[in-house]
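Going in written order, the chains are labelled A, B, C, D and E, and every chain counts its residues from 1.
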Amino acid sequence: MAKYDVDEVKLRQLEEYIDSLEQKEGALIGVLYKAQEIFGYLPKDVQLFIARKLGITAAKVYGVATFYSYFTMEPRGKHVINVCMGTACFVKGADKILEEIKKELDIKEGNMSKDGLFTVDTLRCVGACGLAPVVMVDGKVYGRVKIEDVKGILDEYRE
Amino acid sequence: MIKSIEELKQIRDKYKDVLQNREAEENKIRILVGMATCGIAAGARDTINAIVDEVHKENINNAVVVQTGCMGFCYAEPTVEVRFPGKSPVLYGKVDAERGREIVRRHVKKGEVISEWVLKG
Amino acid sequence: MPLRMELLVCGGTGCQASNSNKVLEVLRQGIKEANLQDEVRVLMTGCFGFCEKGPIVKVMPDNIFYVEVDEESARKIVAEHVIKGRIVEEKIYKEPKTEERLPEQSSIPFYKKQIRIALRNCGKIDPENINEYIAADGYMALARVLTEMTPEEVIDIVKRSGLRGRGGGGFPTGLKWEATRKSKGDVKYVICNADEGDPGAFMDRSILEGDPH
Amino acid sequence: MVNITINDIKLQVPEGTTILQAAKMVNINIPTLCHLDLHDIKMVNRTASCRVCLVEIEGRRNLAPACATECFEGMIIRTNTKRAIRARRTMVELLLSDHPTDCLVCEKNGNCDLQKLAADLGIRKIRFEGEKSTYTKDSSSGALYRNPDKCIMCRRCETMCNEVQTCGIYSAVDRGFETVVSPAFNLPMIDTQCTFCGQCVSVCPTAALTEVSYVSKVWEALHDPDKYVIAQTAPAIRVALGEEFGLEPGTIVTGKMVAALRRLGFKKVFDTDFAADVTIVEEAKEFIDRLNGKGRLPILTSCCPSWVKFIEHQFPELLDIPSTCKSPHMMFGAIAKTYFAEKFNIPPEKIVVVSVMPCIAKKYEIQRKEFEEDGIKNVDYVITTREFAKMIREAGLDFTKLPDEDFDDPLGESTGASVIFGVTGGVIEAALRTAYEWITGETLEKVEFHGVRGLEDGLKEATVKIKDMELKIGVAHGLGNARRLLEDIRDGKRFYHAIEIMACPGGCIDGGGQPYHHGNLDIVRARLNAIYEEDRNKPIRKSHENPAVIAMYKEYMGEIGGEKAHHLLHTHYTPRERI
Amino acid sequence: MAIAGYAIGAQFGYIYVRAEYPLAIHRLRIAINQARDLGLLGKNILGTNFSFDVEIKIGAGAFICGEETALINSIEGGRGEPTVKPPYPAQVGLWKKPTNINNVETFANVPPIILNGADWFSSIGTEKSKGTKVFALAGKVNNVGLVEVPMGITLREIIYDLGGGIKGDKKFKAVQTGGPSGGCIPADHLDTPIDYDTLNALGSMMGSGGMIVMDEDDCMVNIAKFYLEFSCDESCGRCTACRVGNKRMLEILNKITEGKGEMEDLEMLKELAETIKDSSLCGLGQTSPNPVLSTMKFFYDEYLAHVKDKSCPAGVCTELLKYYIIPEKCVGCTACAKVCPVNVIHGEPRKVHVYKRQDV
C-alpha cells in the first residue's frame, strides 16, 4: 500500500466517504469538495489518494483541482475572509476594502497570515448585492463594510 | 406516499388555509378586532380567537381576521368591525366570544347585519 | 386552533446577512413570552427581493410590510402590532420622494410594476415545508401533465407560450425540449443549471432559497 | 449525402463529413494547427481550440471551425472571406504573441507546424505585445524534454497520451491565460508514470515536447581520442532515415546509413539486428521452458522499454510474465563491452556504445541501474533517427549520394527475423520461426506469419499450430490496446501462450524518435512495407541460423539460456507507483 | 424539472448548484427529500408509470460552467471546458446521452404555464419575448433587489420607478445588463422596452438578468476593464481567442487606463474585440468583448479622454489623476506631505508646498 504523507484519520474519513458513493463515475468534484472540507485544502497526496481510489489519473485530478477556484492547494488559515468582487461590490469600493484587509494582515490575496489565523481571498458575488460591499468571514456575511470597519471585523476573530 | 392526483389535491386543500392568511387580496371581507389595552382587558383575545376559529370551521375563505388598535369606543369593548368590500363598515360593540361566532355565522357568511349589536356612534 | 396571524421573515441570503435570523429569534421569543404561540406563527420564507431594505418582516393577514427590522424593532413589532394591533409606523417603508408611509407591499413602487411568476412563491411559503408548496398549487402542474397530457402536448404548450431560456441565450425552451425528445437514446437527462456565476446576479439563488421545489 | 457549396463550388459529401474534409475534396486547403486525424490508430484530435481553421458559413452568426463542423444540407461555406482571413491571422498572431520567437535556435526549426503556418500566412509582424508565459523546463527523465513556454494548447499530446496510450500523464492545468498542459502536480516527468514512448513528441506541433538531445555528447565522444565509439542501429532506422533527406517514404537506406555512420567517425558500425537475433534465441528458449511448465504463461516480449515501464506502473501484479530478456540494444551493449571487447582486446571502459534508435524511451532505458556492469553502462548514448539526421547534415554529408556500405563484423550480421523487430508483430513472428523449428525439429518452410501482421488492428490474435500444440498468440501495439489485453489476462478473460506488445502504434517504425510524419500515416505504412521487403531480401530469415550468433555462443556465451547468458542478457523488473 | 423529464422522456435529472450558495443547497436537499417521501420524485410518481429522480451536483467556482457543454463536463467530473457545438446537448449530452439543460428561472416558469395555459403566458410580454423576467437590480440605485417584471418594460421604469432612482441623486450614466458578457447601455436608450432582441441590438444581452446601474462617478473604461478582468479570470483557457485574445485586450485597456494608450491601441482593441467575438469556441468567449465594444460604441469620448488628454473624466483611474496645490489656500501645515506615500509633496513648514512628481 502506498504511503500518503497526510493525517491518517482524516484520510480514512475521506476513504469512507468515497466508499459510500454509489457511483464513482463523475464523482470527482464532489470528492474533492469533501476532501477540502476534511483537510481544509487539497495537498498533493490527498489528490493522489483520490485519483487511485477513483481509478483516474493523478493528472486529471490535478487538472480539475486547478480549474475550479473553489479548490485550494495551499493550507488555509483558521478563518477564511472572502471579499466579494462582484460588480455591485466593486462599484461600491470592494477593492479598497480588500486592500485594507491585506494591509492589516500584511498578506497577499490567496495567502495565509503568518499567525495561521486568516486566509484572504476574493470571490465573485455572494448574491448579497443589496449590502455591497460585502465581506464574508467563514460564511458570515458583513454588509456595507467601510474601510474603518475592517479592523473591528478582524478583531472579532482574533481572540 | 401520494399515489394519485386526488391525494395530491387533498393535501393541497388540507394546507390551503395555511396560506390563506398570506394572500393579500383587496376584495376580501375584513373582520377587524380592536386589540388595544382596553380591548384586551375586556377579553378581545378570546373574541379574536373565537372568530378565527369560526371562520375556519365554517370554511369561509373570502374573509380575513385582522387585529387593530383602539377604535375609541372603550366603553363598548371588545369591538369588532366587519368590512365588506365596497360597503360601509359595520361596527359591533361588546363582542364576546359567542357574539363573535354569531357575527361570523350570520353577518360574514350570510350577509345579515345583526343590528341589535351594532354600535351607533 | 387555527392561526390568526403570521409573521413572515425574509430568509434570503441578503436578509440573513443583515441579521434576519436574530430578528426571527426575537420575534419568536416575544410571541412566546406573550403566550401567543398558538395563535401567531413566525416563519422564515424565501427572498422578498427587496434586499435594499432588509431584513424584511411581513405581517399577515394584516398585510403590513416592515423594512429594515432590527432586534429592537422586532421587539416593538411584537409588543405593539402583534399584541395591541398598533402598526409600528417608523418601520414601514417610506417613499423617499413623497415621504409617504406605504404599509402594503403592493403599493410600494418597487413592487408595483412587478408580475411575479418565477418568483411567485418567494416570500410566501416556507421553503422547508413541501406541504406549503403543494398548497400553493405546487406539483399540480406535474400531476396534470402526468395524468392528462402526452409529452407532445406538454412540449406544444411550452412552445406556444413563447417561453425562452432565461439563462442567457434566450433559446426557445419548447424547441429545445422537442430536440431532446426527438434525439434517439434510451437514457436521457435533464439538468437544471443553477450555476449562477455573474457578478451581480442572484435571481436563481433566490428562487432556490425561496422556492426550492 | 448532403449538398454543399464551398467557395462557389458545389459538391456532394457523405453525411458526417467535416468542412475541412469536404474542402480537401475540391482541393481547397484550409490551414489547421490543433487538428490531427490519425484515424488508423484511432486518434482524432478535435479540440477545435486553436481557431485557425475558421470559415464563414452563410446564416451563422460567428465563424465556424472547419475541422470540427460537419456539413449539413444546403450549407454555403466561404473559406477566404475578409472576416475569416482576419480571424485566422489574428489567431496566429495571438499564438505568436505568447510564444518564444527563438525559431533560429529551436529544436523544431524547419519542422514546426506553427512556424510553417506563420510563414504560409505571411505574418511579418506580431501586433500584440504583452505578458509571455514562462514555465519551468523539464529534462529530468533524460529522455523527454518539456518546454511549456512553446505549448500552444492544441492538446494533441493529451489526446494521444490519455486516449491512445492511456497513460494519462498530461492534463490541462489552471485556467485562463495561465492554462498549460502539465503532468500531475507539475512533477518532473521522471517522477510520473510516463513511459517515455514519445508519442506526444510525435504529435506536438511545436517544440513544447521534444527529446533530450545527446548529439553534442556523441560528438564529444567521437572527437575524444581515448574513446572507442561504436554505433548500433535499430531495424526501423533504415526504412525512415531517407525521409529526412527528401527520399520517398519507405526507401531502404541501410547501406547509406552505414556509410554515414562511418564518416561521422564511428570506429565500428554494428547492427542492433544482430542482438535482436540473440534476443530471439534467448526468448525462444525461455518460451519453450515455460511451455514445459517452467514459469508462467503467457510469455510477454520485453524489447520495448516504454512498454516495460508501463507494466511496472500499471500491472505490478503481472511482473512475472514478461520475458526476462533485455531489449536487443541493451543486449548489444552488454555483448559489445564483454564479448567484443575481449575478442578485439579493447578495454570495456574505453568503449562508447551509441544506439541510433527510433525511440525516446531507450534514452531513459540506458539510465536504469540494472543495466550496468561494474559501474560501466551497457549503452552510453541513445540518439534518435532525427538526431542522427542532424549529425549527418552538420557533418556536411550529402546523404543521398553516399555509397552503400556493409556493417562491420561480427556484430553486424543479421537475419530477416531481426529486421521485422521494427514493426508490430515482428518480434513474435521472429520468435515463432525459431520456436517452431526447435519444438518440431523440422524446417519451417513458410516463414511468414501474416496473422500477426498489420497496422489496422490494435489487437491481433492468431493461432499457430506447432506439432500437436495450438499456440494462441496475442499482439498489441499502442499502450491503450496493451492495457485492454493485460486487463483481460489479469482477469482471466483471455488466455495466450505468448504476447507481443509495442508501446507505439505500428511498432518502432512509428516510434517517438522517428522523422515527423505530420499526421500522414501513409508514411508509416510505407516504412512497414519496407521492413517486410528487407526481410524478404535477406538470405537467412531465422535468428538461430545467424552464423555470428552461433559463433558468439560457441566462443563466449556458452549455452543459450545458460548462466553467462543469463547474467549478461537478462534482467528483472520493479513494481512502480501510479502517478 | 420532472415536467421536462416527462416531456423529453428522461428519468433522471441533475441540479448543478454553486458551492457558494450553501443555503440554497440546504433547502434544495430538504425539498428533494420531502418530495421523495411524498412520492413526487422517484419511482411511479403519483401512481403513474412515470419515474423521475434528481441529484444535486455542486459546482466549484467556475463561471464558464454556466455554458451547457462546460456544465456537462463538470457534472461528469472533469474540467469545465466547453466543447464544440454541434452536436448540441440535446443530441449528445451528459454521458453522451441526449440532455436538456435549462436554468432555474426557466423551469420556474413552466408550472404556471401548464396550469394557466400558453395563452395566459404569451399575453404577458412583447411580440418576441413572452412572460416576465427576473432582474437583479444592483449598483448605484436606491432600491437594490430582485424584481420580476413583464418583458417590454423600459429600463427607465425599472431603474426609476422600481429602483427608486440613482443613489444620492447623481446623474445616471449607464446600465450594464447581462453580466460580464453583456454591454453597457447609455441614457439615450433608457426608454427602450427590454426584451431579448432589443438588448442584443444594443450590443448587450438579457443574460441571466443582472442589471448594474452606474452613475457619473463610474469610469466606463474602468468598467470595461473590470468585466474583462473577470472574463480573463474565468476563461477556461481552451481556445486561443479567449485565452490569449482577452488577455491582450486587457493589457491594452491597462495601457489606456494608465495613460499610456495611443490612438492605434483603440483601433486594435476594437478589431481584437470583434475578432474574439467571431472566433471564440463558446458563448463566454463570444460575448466577453461585449462590455468593451458597447462602451466603445456609447462612450467613445471617455476612451478618447484617456488616450488623448490622458485624463479620466470620472476621476477613477488613479494613474491619470492630477493633483494640484492651490497656493492661496496652502498654509504650510505639512499634513499632506507627511502622509504622502510616494513623497511627491515638497515644502517647508508654514510655507506654500509644491506638488512635483519625478516622472512628469
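Basically, contacts are C-beta pairs under 8 Å (C-beta built on N, C-alpha and C of every residue); 3 or more make two chains touch, one makes a residue touch a chain.
Worth saying up front: this structure is predicted, and the values here are computed from it rather than measured.
With every chain reduced to the mean of its CA atoms, the largest distance from chain B is reached by D. Should one ask which of A-D and C-E has more C-beta pairs in contact, the pair is C-E. If you average the Cα atoms of chain B and of chain E, the two centres end up 49 Å apart.
For the pair chain A and chain B, the distance between C-alpha centroids works out to 54 Å. Look at where the CA atoms of chain C average out and do the same for chain D: the two points lie 64 Å apart. Between chain A and chain E the centroid-to-centroid distance comes to 23 Å (mean Cα coordinates, whole Å).
Residue positions of chain A with contacts to 2 or more other chains are 60, 63-64, 67, 87-88, 90, 124-127, 129-130. Among the residues of chain D, those in touch with two or more other chains are 171-172, 174-175. Residues of chain C found to touch two or more other chains are 13, 16, 51-52, 137, 139-140, 143-144, 146-147, 196-202, 205-206. Of all possible chain pairs, the ones that touch are A-C, A-D, A-E, B-C, B-E, C-E, D-E.
Listed in rising order, the residues of chain E touching chain D in the complex are 62, 64, 79, 81, 84, 86, 232-241, 243-248, 251, 268, 271-272, 275, 277-281, 286.
Every residue of chain A that touches chain D in the complex is listed here, in rising order: 2, 44, 47-48, 51-52, 56-64, 66-67. For chain E in complex with chain B, the touching residues are 37-40, 46-47. Residues of chain C touching chain A in their complex: 13-14, 16-18, 51-52, 54, 196-202, 205-206. For chain A in complex with chain E, the touching residues are 25-30, 32-33, 60, 63-64, 67-71, 87-88, 90-91, 123-127, 129-130, 132, 139.
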